[in-house]
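Structures for review follow.
In the two assemblies presented below, chain A is common to both, partnered first by chain B and then by chain C.
And then the complex of A and B:
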């Protein structure tokens, strides 16, 4: 703090501290505390607010734990988000390695320039693109029918399969970039040393490259899992009645039930899930928060 | 020898497949906006048409959404860039323990699902009787966009030599002059990139906006409601326009980035040459 004052003087320091404080308090910390508090209050008609029924209670959370359907949706959201995270990791790790260590750096730059476009097109359009591809009269069925692999159109948009396809497409780049950054920070001499000392390709990856790229892997996994579990638009576009997502239930409470209290309890459960996932990944891969968010 | 040729081919195929995987869906979606078929599809190709663009052009609701989105995005840039920059500078001049504590709070919004940010923003401002609306969407978006700006500026600050500030202060510059003439010019590339990313994050945002917008439309909400209620190829026409806009912005961003890189390389070369002399 003294250093700040010494470097920038009193008035500039006050302005910078005030701006940061506004951000962290009014936009981040207190809103979440309000959310937490709301989740323990009941949804009451206006005339009962402040009355004897306006108390702190666990009832909103009980609503969740007493509903097998909601619990089921919650756990399928976790299951399929983890699955999507694993697929993204499996596809992008070799890709990140190739881009960082095999390709010439000018080729890699061109490659990333091409990827900027799908990265910056909004996720709503990315999932809509798959809605078109997977629809009954869509190009995928047309191609498969044309080649003769299938003889009548397949309904692709059913169950979780279409949601998985959409989620992988929407979020895979959030896995690629952090892993690429981590691998490209590794000194190529270390890889060559490992090879010169007789390690096989697999062993070099397992003992040298993967340990080095752990922060990137952690960062990618956390981002992709969080984006999947919290995704609203991909499930809305690509899910069907037999595949519901936890965010859809939150939306139901907020917009259809207009019960913001139960809605905030459910939103808090989603937040808790993400916090647990982040700490789990940090524990398993033994990385710090500073490594994850770069 | 054959094994390296083989692995080269495998690598090329893998890269090619990935690029195709990332781009083909966008091409199919955009292409459907030019097809004269009632359902958005590129196959069967009925014929080239511009009717979906005309439909889009005459859609009043879409223009309202464009105005709202632009307004929100500019507000998000105007608020989150100064906040993120101030936070990074602050973080760079506090003690390590305070630094990691503050850092945790600053990156938390990036790791929080948008739905949670949206709902908590809605509830928080509601306690002050601020109704849902685009103002709240701005507040909600700033909470995580400022974190991206902070990370970009913080990375740039690592290459800043605090000795320059010291020298300026010793030579009698005021604190305001130091910031205006030395610190901020060094941060320009990060601030510029931060502004572009902030703008895009805001335009793209769906989750936070959905819970905070009230009755106002933004572009993503407009597209979302179109997808839910009767799909027509006007959305594809819209997607094509947006993709072209994105390509243009990506090119501008890349040119700016390369120019900044080249300037840095030139500076480094000059410095190296000066050292040799």
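And then the complex of A and C:
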């Protein structure tokens, strides 16, 4: 705080603090508090609002626990989000290593440009692109039929497989960047020292590079997991009737049922369980929140 | 225990830049060998070629007679100590030291015992379970040495490992390194730009410039009989005179300069008629009241006196305005020359040399 004042003077400091406070309070804290309050009130016809029935209750939360289908969807969401996280990690770790330590820095710049270009297109369009690619008459089936790997088109958009593909594609870069940063920060001499002492490539990764990049891996995993569990667009576009995402149920409560109260309760359940899940994973990986924030 | 390292006509190109040019030297088993040169002379590249992080463009690296071509660093009988040490910060000291044993599948109890043993060897007690960040610079140094010794290398490669230490510690570690080398008998190949380090520790020194090995010899030989101007001026101080070689009798030649005629030993690759330089060390020069008949002498005026502790540097200016340095031992019984006094700088023909510039082709052994 002292440092901020010294550096930017009183007026600029006040503006900066005020803007941060506005963002935090008006756009994060207050809306959440309002929804939190909603989640404990009943969804009532307008004429009963403020009446004797308008009381605080846990009924909205109970609705979830009384619905096996919703519980099922909830755990599928957690399961498949973890699945997407694992796939992203498996793809990005080697890629991040190659980008950070194997390629020359000029090549890395080109590589990043190529990786970032798809981000310029909105998430809806990117999901929809996958919808086209994966459809029965789409390019993927056409190619596979063409080179003779399959005899008849495969229905890709069924179950969770298409959602997984879409989510991996949508959020993979959120895994790549933290891991890339972590590995870049590792002194290359450490990798060479390990090799010089006789370690195989696998051993060097296991004992030197992965322990060093653990905070990056953890923050990538947390981000991808949270984004997946909270994603609406990708599941809406790419899921089918037999694969529903928990966010879709929240959306249905809020926008189709107009029941913001139950919707809020569901949203907070998702938030709470995501936090528990993430802290559990962090505990297992032995990573602290401070490491991730870096 | 130790092996020789044979570098045969090694060249290393980075694009169009030749970092190492036709280096050919055999380092004997159990020898303490230093590559000495300014930064960018290719000495670190040589170390990386021996350790296997690079393959030479031309020539071969043989360790114990075995060609190392295509053998990765993890399969070579070498251990490298990095300039920044590259200790693993996430492992305790003892795991650092025995990392090389861990990857060879040595059981934990055995590794732990080996770590304790090596910590004794490098004189670092009760530190096995410390974190690397808890150690001082000198202690980290010792851990790095222990880590390299743990894999029982045939050849130890050291890339300026002392450069980050302060002067006192550096001098202490010099002696320590030398002692460890003698105790273990491992071939040490040491890279440094510090001539003091190279001269004090090595059995032999290879002086490098611009990718070329200029001279390979014992420290005394390097200092007293440099093969060319580069070696003479890189190792130690010199007073330099430009002139032409006139005549020659025995190994002493006459050298004609703008400041008069001098007699000096004629270096290799220099012949009568050549225009080149004469080098004389400041400690081989003396100041006298009168000119000398037998030795070289030049009239000078004392311009500055720098007291360095164990010796005194007297700076003198000759009649054409060039400054020379005369080094005298600090001896309170002998009065130092007075500032601005006139004198003659005297140096013996046997203690000065007429040398060519750095050679393009390798010379000397």
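Brief remarks follow.
Definition applied: the second predicted complex is superposed on the first by the 270 of 294 C-alpha atoms of A that agree within 3 Å, B and C clash if a C-alpha of one lies under 4 Å from a C-alpha of the other, contacts with A are read in each partner's own complex, and residues count from 1 in each chain.
Everything that follows uses one rule, which is that contacts are C-beta pairs under 8 Å (C-beta built on N, C-alpha and C of every residue); 3 or more make two chains touch, one makes a residue touch a chain.
Owing to the predicted nature of the structure, the values given are computational and were not obtained by experimental measurement.
Superposition of the two structures on chain A shows chain C fitting alongside chain B with no clash.
By the touch criterion defined above, A:24 lies against chain B but remains apart from chain C after alignment on the C-alpha atoms of chain A. In the superposition on chain A, A:162 makes contact with neither chain B nor chain C. Contacts of A:34 after superposition: chain B is touched, whereas chain C is not reached. Once the two complexes are overlaid on the shared chain, A:262 sits clear of chain B and of chain C alike.
Contact comparison for chain A: of chain B and chain C, B touches the greater number of residues.
Of the two partner chains, neither chain B nor chain C is touched by A:60. Of the two partner chains placed around the shared chain by superposition, neither chain B nor chain C is touched by A:85. Once both structures are fitted on chain A, no C-alpha atom of chain B lies closer than 5 Å to one of chain C. In the superposition on chain A, no chain A position is in contact with chain B in one complex as well as with chain C in the other.
Those residues of chain B that touch chain A in the complex are listed here as 11, 14-15, 18-19, 21-23, 25-26, 28-29, 32, 39-44, 82-83, 86-87, 89-90, 93-95, 98, 100, 102-117, 119-124, 127, 139-140, 142-143, 146, 151, 155, 162, 165, 169, 174-176, 178-179, 200, 203-204, 206-207, 210-211, 220, 223-224, 227-228, 235-236, 239, 242-243, 246-247, 249-250, 253-254. Within the complex formed with chain B, the chain A residues making contact are 1, 3-4, 7-9, 11-12, 15-17, 19-20, 22-24, 26-32, 34-35, 38, 91, 94-95, 98, 102-103, 111, 113-118, 120-126, 128-133, 135, 137-139, 142, 169, 173, 222-223, 226-227, 229-233, 236-237, 247, 250-251, 254, 260, 263-264, 267-268, 270-271, 274, 278, 289-290, 292-294.
On chain C, the positions that touch chain A within their shared complex are 51-53, 72-75, 78-80, 82-84, 86-88, 90-91, 99-100, 102-104, 147-148, 151. Residue ranges of chain A in contact with chain C, taken from their complex: 187, 189-190, 192-200, 203, 207-208, 211-212.
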